[in-house]
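In the two complexes below, chain A is the common chain; its partner is chain B in one and chain C in the other.
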Partner chain A sequence: MPDRVHFSEPEIGFLKDLFDRGAHRAARSLSLLTDQDVALSVPVVRLATAAAFAEQMAGLTSICGVTQRLHGALETSAMLLFAEEKSLEIVRYMLERLMPYEVLSELHQDAITEVGNIMLNACVGSIAKRLDVVIGVDPPEFCLGPKESFFAFEAEGAGTTYLDVRIDLRMIATSVETVWIFALHEETFHTLKTLMAGRLGSAPVGAELELAGG
Partner chain B sequence: MAKRMLIVDDSTTSRLMIRTYVRRVRPDWAFVEAAGGTEAMAAVFKERVDVASIDYNMPGMDGLTLARRIRAQLPELRMVIFTANIQRHLTTESAEVGAGLVIKPVTEGSVATMLRHFDA
Partner chain C sequence: MHGPLLDSLGIGIIVLDVGERVIGWNEWVVAMSRIPAATARGQRLDVLFPELDEDSRLIRAVREALTENMASVVNSVFNRSPLPLVNARRGERIPQNIVVRPLEDDANGRVCLIQIFDLSTASQRERALENQVRLRTQAEQALRLSEARLKDAQRLARLGNWLWLPQARSFWWSEQCAATFGAGFDRRPSGLDGFLAFVDPADRAEIAAALERALEVGGSENSLVLEHGIRTAAGERRHVRSVVEVLRDERGAPVSLHGTVQDVTELEHRDAQLRLAARVFETSPDAIIITDARRRILSVNQAFCAVMGYSAAEVAGKRSAMLSSGRHEFGLTSQLWRAVLRVGLWRGELWARRQSGEVFPTWNSLTKVCDGTGRVINYIGIFSDLTETKIAAERIEFLSRYDQLTGLPNRMLLEDYFAVARAAADRGGHRLALMGFDLDNFKQINDTLGHGAGDFVLREVAERLRAGIGAEDTISRHGGDEFLILHAGVSTGAAGRLEVDVLLARLAQPIRLGEHRVSVAASVGISLYPDDGSSFEVLFRKADTAVFEAKRRGRNAAAYFTAAMTDDSIERLVLHADLRQALGRQEFSLHYQPFVDFATGRIVGGEALLRWTNPDHGSVPPGRFIPIAEESGLIVPIGKWVLREVCRQNRQWRAEGGPELCLAVNVSALQLRAEGFVEMVAETLAENRLPPEALEIELTESVLISEADRMMEVVDRLKALGVRLSIDDFGTGYSSLAYLKRLKVDKLKLDRSFVSNITVSEDGGAIVIAILQMAETLRLTTIAEGVETIEQAEFLKAHGCRECQGYLFSRPVPAEQFAILVASERARRARVSRA
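Up next is the complex of A and B:
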């Protein structure tokens, strides 16, 4: 990871607040979709390397995810990861009122892709509003498989930094470990710092932030 | 009055949910479904359609582009952009093409909002 890629404490605080608001909006959408009480919070926002993610995900045997390309004010790839068995639970809550149980598994991939799309759009919409910018969101793509495959969506190589947004997602009967990942290429990183500086009322700063695995 | 509704969404789940919720309150309506813009345009030429629900974020042609093309062919068609995208510019752009804007997720409530747009 390049040494110059750092966020200051105020910037991390700003990002945490930004994603907390996004998570609140996403929770509301997910609650409507599943007809369940949903609590979503963001306990951790940090920079991380792909290797650090791989290590953290090593305990999970099966993960599924939804990737989306963002463009416009922020050029990045975003990925929302769920443990696969938990994603099936979300789909069950979402569709069990509408169709027989046997059909649910057939729709798992499509349904969780739509869940990811709705959650990410809720979060991105909140961020765009806070930063007063327009962020385009491409159609979602579903990923299923070993954790390493999730990093294949980025062809930028080992130098790419990732913004690791941990989400604590709680529904009545289940707790779902969920992660949002945003790939920050150097140009995107600086754009984000500039946008934040506009809101924080200062020039972009480059103070140290401890990197996960960095 | 029975109507024929076009549902355009690349998500099978969303199409199914929209159809299911609409059918619960408008059991006499018929449905035409399309997974994208090109398929939707073909359906519009082939079938008589009274109202349309159009997703915004689809591969190939986005929902607003599709709505503009449909509007050029069918000036009277009632349309709604049904989208997960909550950014403000979509409100303006949907209004410019004469379509309502309804925010996902697809629920009984959001479908009711869509139907009110069609009925207005």
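Up next is the complex of A and C:
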């Protein structure tokens, strides 16, 4: 990761606040959708490299996720990743139905796609509103496969930095950690910094954030 | 958005405008919802489907699409059935997967497109999910392929390995290793010696020594990297890179040698090519710039630094756009990048900006470089500085369109301007004038003061004319001392004359050339558009004809073209052609007009006058054919004939016992200038056994003034021969008497115009008296021409004029009559003296 790619503490704080608001909005939508209490929080926002992600997911064999392309003020891809077993668990709880695994598996894709879509739209909506910009979101795509393929799929190369957003999803008796990733090309990165600088009211300077895996 | 296309899709399509009202509702939706399109149009979804409320997922997705530009999926998993759509055949609600997305529509602006897939049909489910399963399949395929790829990789890398166990004296090699040496897998060597046999003889000793060191007990050589040549079983020479690792036991004795052999022949070759490419890159006279896919500068060569003024470090990492001048037509940059992306190459001219800020033209080749997958990884720009080329091209353009000496447009460019001016004249309904200026005495300046002075005068004339014309007028020089003015705001008649006169007056101001001052006069010929023609060519020709006429009228004058001039020109052409034949056809003859001495009344000589009688033209007046003979140079052979004929005649008369007369011939400047003129005169006199005083040469003032030095020399030599010299038409030119004295002329011939004025006005008489007195002072003989009356003769005689010539005594007569005239005059005198 290039050395100059970093966010200051105030910037990270700002981003965390944005995602918190988005998560709050998403939680309300999910609660409405599933007729039960869903809580979302964002404990960590940081920058990470693809290698760092691969390391974190070392214990997982298969992950599933939803990717959506953002365009407009921010050009990037966003991925919401779940460990495959965890995602099945979420769907089961959300549907509040005990059903055979085969049937669940069939519904899994639709459910995760929609849940991911709701979470992402809510967050992007919150970001766009706060930064006063227009960010378009393409329809979601469901992905399932070995963890390596997610980064190969992104194919953005080693130079791309990722914004790593951890999301804690709680409902009824379960708590699932999901990972939200925004691919940040150099340009996107600077756009985001500039937009935030406008909101933070100062030039984007500050203490360097320690990079995960960097 | 509407129509058969939507109906044929086989999925449900609903389109909502920004106010969430239906503007599209296809057949599929009609069938499933049982709501006709006409009913649906203009309605909101929550009106059409009352079970949808503000909080329903679909309505919120629609709102997100329209207001926040976001796409959503809404499906039956959580939402049961998002829309109350019923399959008529089965009579049940259909499970749906709905994609809600914003769309920009030309006619309606932002709209919301709702695509409804029926999940109860397999094909629709597949279509709904086709994107979403792509990844898994790809991943699985990737895994299956990976093993094969590894094998391929080994093969492609040409990397073989071998193992030598010294204690067991066992050697093994891999298939690829065997292939590298061009030997079969089974034909592996039995030991290291066999292996070394493949090493190129030139490298063998060195490699053997290295391996020996590795095999030493307690040796420290545990890792070797060797590059050397090999000879394959087929005898082919190749280059390999070997890495050898030694494993030792606790005593330091080698247990095994593991080696890899990689065929790097191609790599070597490529390295050599790369080195060459790098050298070419650095030494290229063209500037080279290499950027990454985002057009950020990665590398530039020395020529680039020299041309642009930046160091390589200053531009590294910068956007290549920094080099652009910003001077291009709008859209050019995007056009060229599109071309580079589409066809891989763009060539053309661009304006670049140096570090100094100077903008300059460049010739560019832009190419893209792609990796194996076709993705652009670099752009290469090669350009050369066109500044010098541009200057040269502009110079050539200038030279081809402008006169080099004066910087004025040449005739070619004037023609272009004429076309433009003509169009404007047609629109405005006004005239154009083409004025030809021909300098009257330029040749004289050039000959006497040198070409440098001539050039100076031409530039000065150009400047004066340029300063004297209007903004819409164009002046051009088209060779020599001829200028053309294209005049747009034409006045005719007196006003037009005035304009020309103003220009002539400007020219007449003396030009200082060092210690000399010269005046320039011009003859001006004018043709008018559209009166005299419509093409430049015709108008040019007619202006030229008019120039000629102006010169004929006495120079420093202007003449408008008239049809008569054309007739005149044609006549002149015909005369010229016939004049060429006249000598050969013996069509010339000489008439003589006597010179009479006032004091004695004797005929003392006569002037020979040329006559031309042509079968077609009859008798042609000298005023018509002499100028043509002068212009064409025919005057030289004709003049020679005249001289010979006059001398022959004089000889003949003398031989017949006639008086010893002095006969005068007119000699033009061309004749005087002709090589060997003086010698020819001497020869002719000698041939006819005539004394030099039997011949008088009449020169005009203008002849003497032009090329004064040269003429002075010729006149001096004639004088030395002993021939007499007279100045013809004296008083019409500008020669000073002192100058004439220096020339040692013998006689002044007072022009007939003075003579005819003697009795008309007092002034006329006074001028003649002054001339005669001055001539007397300078001891020059005087003869009056054109004496027609007794009064004139008496006046002239009374004031000291020596001789006279004119109708009073005799008109010019043929030789025979002249002889009779002389004889009768002698007889009369004899009678008188006898009496």
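Heads up, the rule we're going with is that the second predicted complex is superposed on the first by the 200 of 214 C-alpha atoms of A that agree within 3 Å, B and C clash if a C-alpha of one lies under 4 Å from a C-alpha of the other, contacts with A are read in each partner's own complex, and residues count from 1 in each chain.
Here is the rule we use: contacts are C-beta pairs under 8 Å (C-beta built on N, C-alpha and C of every residue); 3 or more make two chains touch, one makes a residue touch a chain.
Just so it is clear, the structure is predicted and the values come from calculations on it, not from any experiment.
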{"item": "Simultaneous placement of chain C and chain B on chain A, clash or fit", "value": "clash"}
{"item": "Partner chain in contact with A:114 - chain B first, chain C second, else both or neither", "value": "both"}
{"item": "First (chain B), second (chain C), both or neither touched by A:193", "value": "neither"}
{"item": "First (chain B), second (chain C), both or neither touched by A:32", "value": "both"}
{"item": "Touching partner for A:6 - first (chain B), second (chain C), both, neither", "value": "neither"}
{"item": "Contacts of A:95 with chain B and chain C, given as first, second, both or neither", "value": "both"}
{"item": "Partner chain in contact with A:144 - chain B first, chain C second, else both or neither", "value": "second"}
{"item": "First, second, both or neither for A:128, with chain B first and chain C second", "value": "both"}
{"item": "Residues on chain A lying within both footprints (that of chain B and that of chain C)", "value": "29, 32-33, 94-95, 107, 110-111, 113-114, 117-118, 121, 124-125, 128, 134-135, 137-140"}
{"item": "In the complex, chain C residues that touch chain A", "value": "55, 57, 60, 64, 68-79, 97, 99, 101-102, 129, 131-136, 138-140, 142-143"}
{"item": "List of chain A residues in touch with chain B within their complex", "value": "25, 29-30, 32-33, 94-95, 98-99, 107, 110-111, 113-114, 117-118, 121-122, 124-126, 128-129, 134-135, 137-140"}
{"item": "Of chain A, residues touching chain C in the complex", "value": "29, 32-34, 68, 72, 94-95, 107, 109-111, 113-114, 117-118, 121, 124-125, 128, 134-146, 149, 152-153"}
{"item": "Residues of chain B defined as touching chain A within the complex", "value": "10-14, 16-17, 20, 57-59, 83-89, 104-107, 109-110"}
